[in-house]
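In what follows, subunit A forms one complex with subunit B and a second complex with subunit C.
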Partner chain A sequence: MPAITEDFRRAMGWLHSWLGVTIGVVMFAVFWMGSLTVFAPEIDRWMIPETRIVHRERAISYDRLLANLPPEAARSDYINFVVPDARRPAIGMFYRAADGEFRSLDLDPATGAPIDATDSHAGTGFVYPFHLSLTIEWRSLGYWIVGLAALSMLILLISGLFVHRKIIAEFFVFRPKRHARRATLDLHNLSSLAGLPFYFLMPFSGLLIFAFLYLPWGMAEPFGGKLKDATAAISGEYAVAKPAGRPAPLASVDAMKARAEAMWAAAEGVPVRTNLVRVFNYGDVRAAVYFRNTFPKDRVTLSEYVAVFDGVSGRVLHDFAKPPIGHASAWVQGAHFVQFGHWPLRWLYFAGGLGGCVMIATGMLFWLRKREAKLSANSPGYRLVEALTIAGTSGLIAATGAFLVANRLMPADARFVMESRADGEVLVFWLVWLGTVVHAAMLRGRAWAQQCWLIAGLAIAAFLLNAVTTGDHFVAAVGEGLWAVAGMDLVLLIAAAIAGRSAVRLSPVRPAVPMPVAMPAE
Partner chain B sequence: MSAFLFLGALLSALTGCALLALSQARHWQAVTGSLSVARPGPRRSGYVLVATSLLLTVLLDGAGFAALFWPLLSGAAVLATAAVLAISPGLLRPLARLWEARPPGRR
Partner chain C sequence: MVADEGAALILWRIAAGFVGGYALTSGFVALLGSVLPLAGMARGEAVSLAAMLALFVYVPACLLMFATRRPLRDGALLSAGAAATIALARAI
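Take a look at the complex of A and B:
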């Protein structure tokens, strides 16, 4: 085997440095939001207090829910119910309105009545899409940027292994008391090596999940170039006929659901729950009812059973179970989506994601520190990287804190210039993030400490505002079994402590003012 | 039962990583203060304990979960070991004493 030459190592070092600096901010944003996405339903409970319901297993009648639909939903050709569970205790409902737009509402699991919930995109509606696509929808550009970041991450991990000269000898080395540049590099190396398998798996699985977007030709090739057929073969999608315009009563959805679960349980050997109930062409002679099981709690692999019934006769139209190759990809998808019911692993995912943030941030910081002593520290390129690094790390975290604080402070009818209150919260996020870019560009290195103070202040404000505006303060939340709220509050306090400590350490040391010397009395 | 398996996996990962660190002369010196070369004893035991944590995670939740749980648990153990060595290496002295007390031939 040929030895690694110095030239090769230098080339890898060049690639590692410049690719990291170029796309580091995007990678940090994806990792940060990905870490938060692990707890997206818990963020939903915190930001939408009306859905803080202690979950109880109860039989829900979808026939009854359909009989009591809001008038607009009753005219929809596409009605979805998300079956409640411990993390999403309300019945989620979304439907396509006459104008083609989707509306969503939460239903009380006990009564089926719509909940007058806070209008917020919260974790599922903002944090999660941000992780996937930076919320840039135009021509799927956001997905491509995130895909590029994922690919870059894989290249950076491999090139980093060649750059690091003493992987084994310095495996456990962290010297925080050495000079700042050394300590930064130690932390970068340590966080990289400790989470290496996880950092490989996350971008790799992300790229595989979106292979339909990134490599559509390859996916469609075995299906005669028809991507739709490829999707149907793998995910079990079923094309439902358009409504005929002739009214007909819907057969019992509850009976169809019981039959679908019985079919799945027979195939699986254990009980299988429905996660999604979808009614097409409600009230029409061509009505169809679709059931999907997606997230089993006791294993990583996503289960993709789909059953579609004729809405009028109750006859089975489509009974889909993933093909064997689908099960392999379902493990990869399950490993990325983290919907299983394994709480220690969920917390380790969160910690692993934050470890990834540390790895990326220290990498960019090391690039800056290596150059700060040189003349290039005042060059426009250096200043640009400096401002983007500060705003892309501490600024993004502060913007997330502002998003939470805005959620608790904005009145129910607030709009700003946006269409809805929920969009107003997102506007606050973007404005604060933009503000941190300007702040970092103006104050340069001093901005670190100030933005850390901002994070600490916002985290404490969010913690207090939750207590004041909802009454579910930390102790009450623990007492009532609202673990999502208590967990969020605890994380906010820990974030405030870490940010405060970081701010103190990053604050420039002021020269000690000499104390006046007391003169002896004469 | 699963609580014992979880605790066992956690402790064996932590102790295994600590022993792997102690098998390196730099960390052995930081913990014990004695100048000596790398020791094979702690290294072998460290590998055995890290492998034991893998076995326990498989027994705990099956291979599907263990493939995710064990690397993350081991990563957390690496970080915890590095943090202890950086902040208070003396905490690992009781572990090092187990090897100091043995006669040289059995190390």
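Take a look at the complex of A and C:
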């Protein structure tokens, strides 16, 4: 095997530095929002208090829900129900309206009635899409930017392994008392190595999840260029015919659901439950009902089974089970989504995600520290990286805090310049983030401490506002078993403490002013 | 060495690594997804396997383009490899 030459190491070092600085802010944003996405349903409960329902196992009749649909939904060709569980106690429902847009509502699991919920995108509607696409929907541009960041992450991890000569020794070295540059590099190495397998798994599985988007030609070509045929063979998707326009009653969805679960249980040998119920062409002669076990609680693998029934006759149209390689791929994707019922692992994912944030932030900081003593520290390029590093890390966290505070402060009928109250919360997020960029560009290094104070203030404000506006303060939430709310409050308090301590440490030390000494009169 | 080069050569490395690497990866997925069914594997399974292996082609292609001392030659080779895999996949 050829030895790793000094030239090769230098080339990898150059790639590691410049690729990291170029895409670091996006990577940090994806990791930060990804860490929060681990608890997206809990963020939903915190931001949409009306859905803070203690989950109870109960049989839900989808026939009854369909019989009592709101009039607009009853005319929809696409009605989707998400089966409730302990983390999502309300029945999630969304449907395609006449204008082609999707509308979503939460249904009370006990009565099936729509819940008059706070209009908020919350965790599932904003944090999660931001993690996937930065919420830039135009021509899927955001997905491509995040994909490039994930690819860059893999390149950075491998190039980083080549850059460091004594990688094992560096794992055990952290010298916080040494000068800032050394301590930053130590922390970068330590955080990189501590979560290395996790940092490989996340971008790899993330890219695999969107393989159809990122490699459409390559995946469609073996199917004669038909991407729909590829998704049908790999994911079990089923093309439902368009409505015929002739009315026909829908057969019992509950009976079809029971049959789908029985078929899956027979194949698996243990009970398998459906997580998703979808009705196509409701009330039409071409109605179809689709069931999938998207996020099983007792296994890592996603969407192992799909069953589609003819809506009128109730006969099975499509019965799909993942084949072995598809199963392996779905396992890798399931490891990314971490939707299975394993709380300690979920917290470890959260910690791993935050560790990734530390790794990325310290990498960018080290780039700055290495150059701060040189003349280039005043160059436009340096100042740009400096402002983006500050705003891309502490600024993004502050914007997230502002998003939570806006959720608790904004009146129910607030509209601003956006279409809805929920969009108003998102507008606050973007405005605060933009503000932190300007702040960082103007104040440079001093902005760190001030933005940390801002994070601490916003976290405490969110904690207090939840108590004042909902009555579910931390102690009450624990008493009522609202663990999602209590957990969010606890994380806010910890965040405030860490941000406050960081602000104190980052505040510039004022030089001691010498006391004036009276001079003897001459 | 990449650190001592002009902007044009660095841009070539980036283009060959990321764009050429993407074309090579697409070609690889299409080719593997087309060849394995000839050996009896289900087409969906072949494409699933190719998609899982795709990053084992793309990431090394990018790394190669930044590590090589002969970027023009290796970039051209990478592009030729991409063209060949795409052509083969289409021919099958």
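The rule is simple: the second predicted complex is superposed on the first by the 511 of 522 C-alpha atoms of A that agree within 3 Å, B and C clash if a C-alpha of one lies under 4 Å from a C-alpha of the other, contacts with A are read in each partner's own complex, and residues count from 1 in each chain.
In this text, contacts are C-beta pairs under 8 Å (C-beta built on N, C-alpha and C of every residue); 3 or more make two chains touch, one makes a residue touch a chain.
Computed from a predicted model, the values in this text were never measured in an experiment.
Asker: For the combined arrangement obtained by superposing on subunit A, do subunit B and subunit C clash, or do they fit?
Answerer: fit
Asker: Looking at the overlay, does A:P323 come into contact with subunit B only (first), subunit C only (second), both, or neither?
Answerer: A:P323 sits against subunit C, while subunit B stays out of touch.
Asker: In the overlay, answer first, second, both or neither for which of subunit B and subunit C A:G195 touches.
Answerer: After superposition on chain A, A:G195 lies in contact with subunit B alone.
Asker: Have a look at where A:G355 lands relative to subunit B and subunit C in the superposition and call it first, second, both or neither.
Answerer: In the superposition, A:G355 touches subunit B alone.
Asker: Taking the superposition on A as described, I'd like to know which of subunit B and subunit C A:F174 touches: first, second, both or neither.
Answerer: So A:F174 only meets subunit B here.
Asker: Would you check which partner chain A:L154 touches, where first means subunit B only, second means subunit C only, and both and neither mean what they say?
Answerer: Once the two structures are laid over each other on A, A:L154 reaches subunit C alone.
Asker: Is A:G218 touching the first partner subunit B, the second partner subunit C, both, or neither of them?
Answerer: It touches subunit C, and subunit B stays clear.
Asker: A:A335 in the overlay: touching subunit B, subunit C, both, or neither? Say first, second, both or neither.
Answerer: It touches subunit B, and subunit C stays clear.
Asker: Could you look at A:L345 and tell me whether it touches subunit B, subunit C, both or neither (first, second, both, neither)?
Answerer: In the superposition, A:L345 contacts subunit B only.
Asker: If you've got the overlay open, could you tell me the nearest Cα approach between subunit B and subunit C in whole angstrom?
Answerer: Comparing every C-alpha of subunit B with every C-alpha of subunit C, the smallest gap is 17 Å.
Asker: For subunit A, give the residues common to its interface with subunit B and its interface with subunit C.
Answerer: No residue sits in both footprints.
Asker: Would you mind writing out the residues of subunit A in touch with subunit B in their complex?
Answerer: The touching residues are 169, 171-176, 190-191, 193-198, 201, 299-301, 331, 335, 340, 342, 344-345, 348-349, 351-352, 355.
Asker: Name, in rising order, each residue of subunit A that touches subunit C in their complex.
Answerer: 7-8, 10-12, 14-15, 148, 151, 154-155, 158-159, 204, 207-208, 211, 215, 217-219, 221-223, 230, 233-234, 323-326, 328-329, 332
Asker: Which positions of subunit C touch subunit A when the two form their complex?
Answerer: 1-3, 18, 25-30, 33-34, 37, 42-52, 54-55, 58-59, 62-63, 66-67, 69, 89-90
Asker: Residues of subunit B touching subunit A in their complex?
Answerer: 6, 17, 20-21, 24, 26-27, 61-62, 64-65, 67-69, 71-73, 75-76, 78-79, 81-83, 85-87
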